[in-house]
Amino acid sequence: MVYGVLRLINFAHGDIFMFGAFTAYYLMVKWQLPIYLVFMITMAVTAVLGFLIEKIAYKPLRSAPKISLLITAVGVSLFLEYFLSLNSLFTPNYIAFPRPFEVFGYDYSLFTVTNIQFIIFSVTGFSLFLLYLLVYKTKYGKAMRAVSHDQEMASLMGIHVDGIISFTFIVGTALAGLGGILYGFAYPQINVFMGIMPGIKSFIAAVLGGIGLIHGAVIGGILIGMSEVYVSAFLSSTLRDGVIFIILLVVLLLKPSGIFGKKREKV
Amino acid sequence: MRALQVTGLRKSFGGINAVSNLSFSVDEFETVGIIGPNGAGKTTVFNLITGLYQLDAGSIFYFGQDTKHIAPFRLAHLGISRTFQNLRLFNNLTVSNNIVAPILSHEGYGLWSAIFQTRDYVRLEKAAEKRAKTLLDFFQLSDKEMYSANNLPYGEQRKLELARALSLKPRLLLVDEPGAGMNPREIKDLVRIIRQIKESFRLTIVLIEHQMGLVMNVSDRVVVMDFGQKIAEGHPDEIKKNRKVIEAYLGEEFVC
Amino acid sequence: MTFFLGARRLLICTAIVYLVLKGLFLSGMVTAYIQQIILLSFIVILTSLGLNLIYGYTGQFSLGHAAFYGIGAYTSAYLCTFFKIDGVLPFIPVLFFGGVAAGLVGYLIGLPILRLRDDFLAIATLGFGILIRVLLDNSDRFIDVLGGPRGFVGITRITNLELTLFTLAFLILITKNLIFSKYGLFWECIKEDELASMVFGIDTTKMKLIAFSYGCFLAGVAGALYAHLYTFLHPSNFDFLKSIDFLIIVIVGGMGSITGTIYAGLIWVGFIEGLRIILPDRMLELRWVIIPLFLIIVMMWRPYGLIARKESKLLGIDRSL
């Protein structure tokens, strides 16, 4: 979404995801808050964080060369990582992520589903459904799509472009925060550098499915997840991250607009 | 063999037909003007001829050679050159380098010569500089040759754009709206420059222009486009009186 | 003839620097650690020079430069271990070969990648960097001595002042000549407006590939020098963070300025190592919090770089003609 609207790869996206996980950790461990509050507050926190980053770091550079923006994004990413890794804060170590509920599995003859997987699946599905409604069925969504097509034209049509960009960031980063919590439940060891790979992979998933398309991101994400699992199982888990790059390269060369995307002429 | 033979050209973007079924030809040393309302597809035609867009259907023949699938830089070396409506100068380069670069792309030397600064390097660099200076002299820009291109006043940037187009010794020159935003006096000046170019550099010119004064004074023939199609073609005088042309530009009410 | 005339100043500068440093090193006034740092700064300058060509001159955003640095390092280390080379003279072809290996990989990767737009190119190079990192981590599966996650140990120490400084000076000379030739001009045109460059006769694909391959070649040579200076290689030395290091030097030094890269390289290494000496252990971790902030501020204030936009006549980096 952010890329669609700003044409900027937000390198810090993975780190906001990480920030969400750590916020949730803090809320659950230090303040002992109930789950539903944790979800709500974390998403609010990451939304605000996204808003601030956009306003402070990205907006002033909107007319600067693209590359400056990319480097700034890298700077934000590194800052978030290393700031949280300070020994006075969370340290660079792995921290155990609490699971405030019992884990159990439902056994079917062919496979087992744990309640965690079920939660992740349903929360994700529901969120994506809401997102789909937002982007395709509301006025705001329409404005977002307009801005992503042609920023200048959208502003001439009376759309408050800055507001829409901020709104997109808020929604995008809130989702990242949500992702962080779910990830923490699934793999209960969190670490300040945990966001780097998911951030890159999420971008690759979006490219694979077609930038700017929700169903594209979903399909892309599933494809990448499956490939990783199969490579881990049949080849080696350490080669997992290498697969990502091969997939990316293949996509960018064969169909840069992605599985569902449309071709765009240059000039 | 014609300088340019365009047949059945079609190009669409998404659902929009920018150019459909366009055919026209240009003889060597002719000057042909292409006119038409905004959005008629004129610049698209230029982009197709210079290889920046791939055509959906039809063909473009340049001195008998099919230009399909030939890379833009090769077309430039074959002698097709152009100016851009919105100017695409190499802004942070010097005025001189804007001209030297295309020259060296055509008459250059290899890596070895560059690294070890052989006699070839020295000779060709000096030759390029000299030819650039001659070209700049023609446009009265040589006293500004060390200026950064974006520091020139607009009118001179326009001239530099033309000078650069001529640096590759083109046989076919495509000029895209050279008169845009100019006042009548500047237009007269431009007409003079174009006539001088025709005399000094023996080449074929295709000109896109809105300003009737410019087109009619400079063209041997005029092609009129609207909505991606050719609606009329002929001598400037005929075109001025053509019903369809007047309708396209001014609307039905003005056809008397 | 022009070649030697043009190289005069640079050679004199190099000679002076050499004499001063050699004197310092021999006199014992400078510890072995500092000597190593000085050599490291030359190595870093060389690598950043390569990146400057790719990014500063031609405008291709590469986030995986450290990968090529690593390819040069591992290739050279392996060849020396395999052929049991330990003298400076027999090392020179290996040094060259390390660079060629990196340049070749750069060329092969560049072929498909360089036609991508800015941000996609950034991700692709980032991904490539990760791929190389993964391969290095698994390197012991293919060739045991490469060490994989344990690291490559026991590399012979060959790099010294002469080798480093003279290689750097020689490559600066070649780079400078390239930049002041039609190639440098074309690279600048491409950075300014790639489309217009194509229309006016420049084979942009070929030019981008040359810049990229050569930039990777420089990184490879630097990597080889590094391997035989520190005698130990670990995949974590060649990750994304390292690529950022080089990028920072290029940006701080000024895009497209050789002189800027030289100064920035010296300052940067001095800064990093200086911090290590000055800061008490507790505060050391603040380095990587301060650096990204610094990066962000530089981008906002001077997007094209801090130090230099023009080359230095003093160092002899100027046109011969």
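By letter and in written order, the chains are A, B and C; residue numbering begins at 1 in each of them.
Just so we're on the same page, a residue touches a chain if its C-beta (ideal position, glycine included) is under 8 Å from a C-beta of that chain, and two chains touch if they have at least 3 such contacts.
Note that the coordinates shown come from a computational prediction; the quantities given were computed from them, not determined experimentally.
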Indicate, using Cα centroids, the chain positioned nearest the centre of all protein chains shown.
C
In terms of CA centroids, furthest away from chain A sits chain B
Just how far, in Å, is the C-alpha centre of chain C from the one of chain A?
33
Whole-Å distance, C-alpha centre of chain B to that of chain C, is 42
Taking each chain's centre as the mean of its CA atoms, how far is chain A from chain B in angstrom?
47
Please list all residues of chain A that touch 2 or more other chains.
266-267
Two or more partner chains touched - positions in chain B
52
Quick check: what residues of chain C touch more than one other chain, meaning two or more?
195
Provide the residue numbers of chain C that touch chain B in the complex, in ascending order.
2-3, 6, 174, 177-178, 181-183, 185-186, 188-189, 192-193, 195-204, 210, 320-321
Would you pull the chain C residues touching chain A in the complex into a rising list?
55, 59, 61, 63, 112-113, 116, 118-120, 122-124, 126-128, 130-131, 133-135, 137-138, 195, 240-241, 244, 247, 251, 282, 285-286, 288-289, 291-293, 295-296, 299-300, 303-304
Of chain B, residues touching chain C in the complex
50, 52, 71-73, 76-77, 81-82, 84, 88-93, 97, 100-102, 104-106, 108-109, 111, 113-118, 121-122, 125-126, 164, 167-168
In their complex, what parts of chain A are in touch with chain C?
3, 7-9, 57, 60-61, 64-72, 74-79, 82-83, 85-87, 196, 200, 203-204, 207, 236, 238-239, 241-242, 244-246, 248-249, 252-253, 256, 266-267
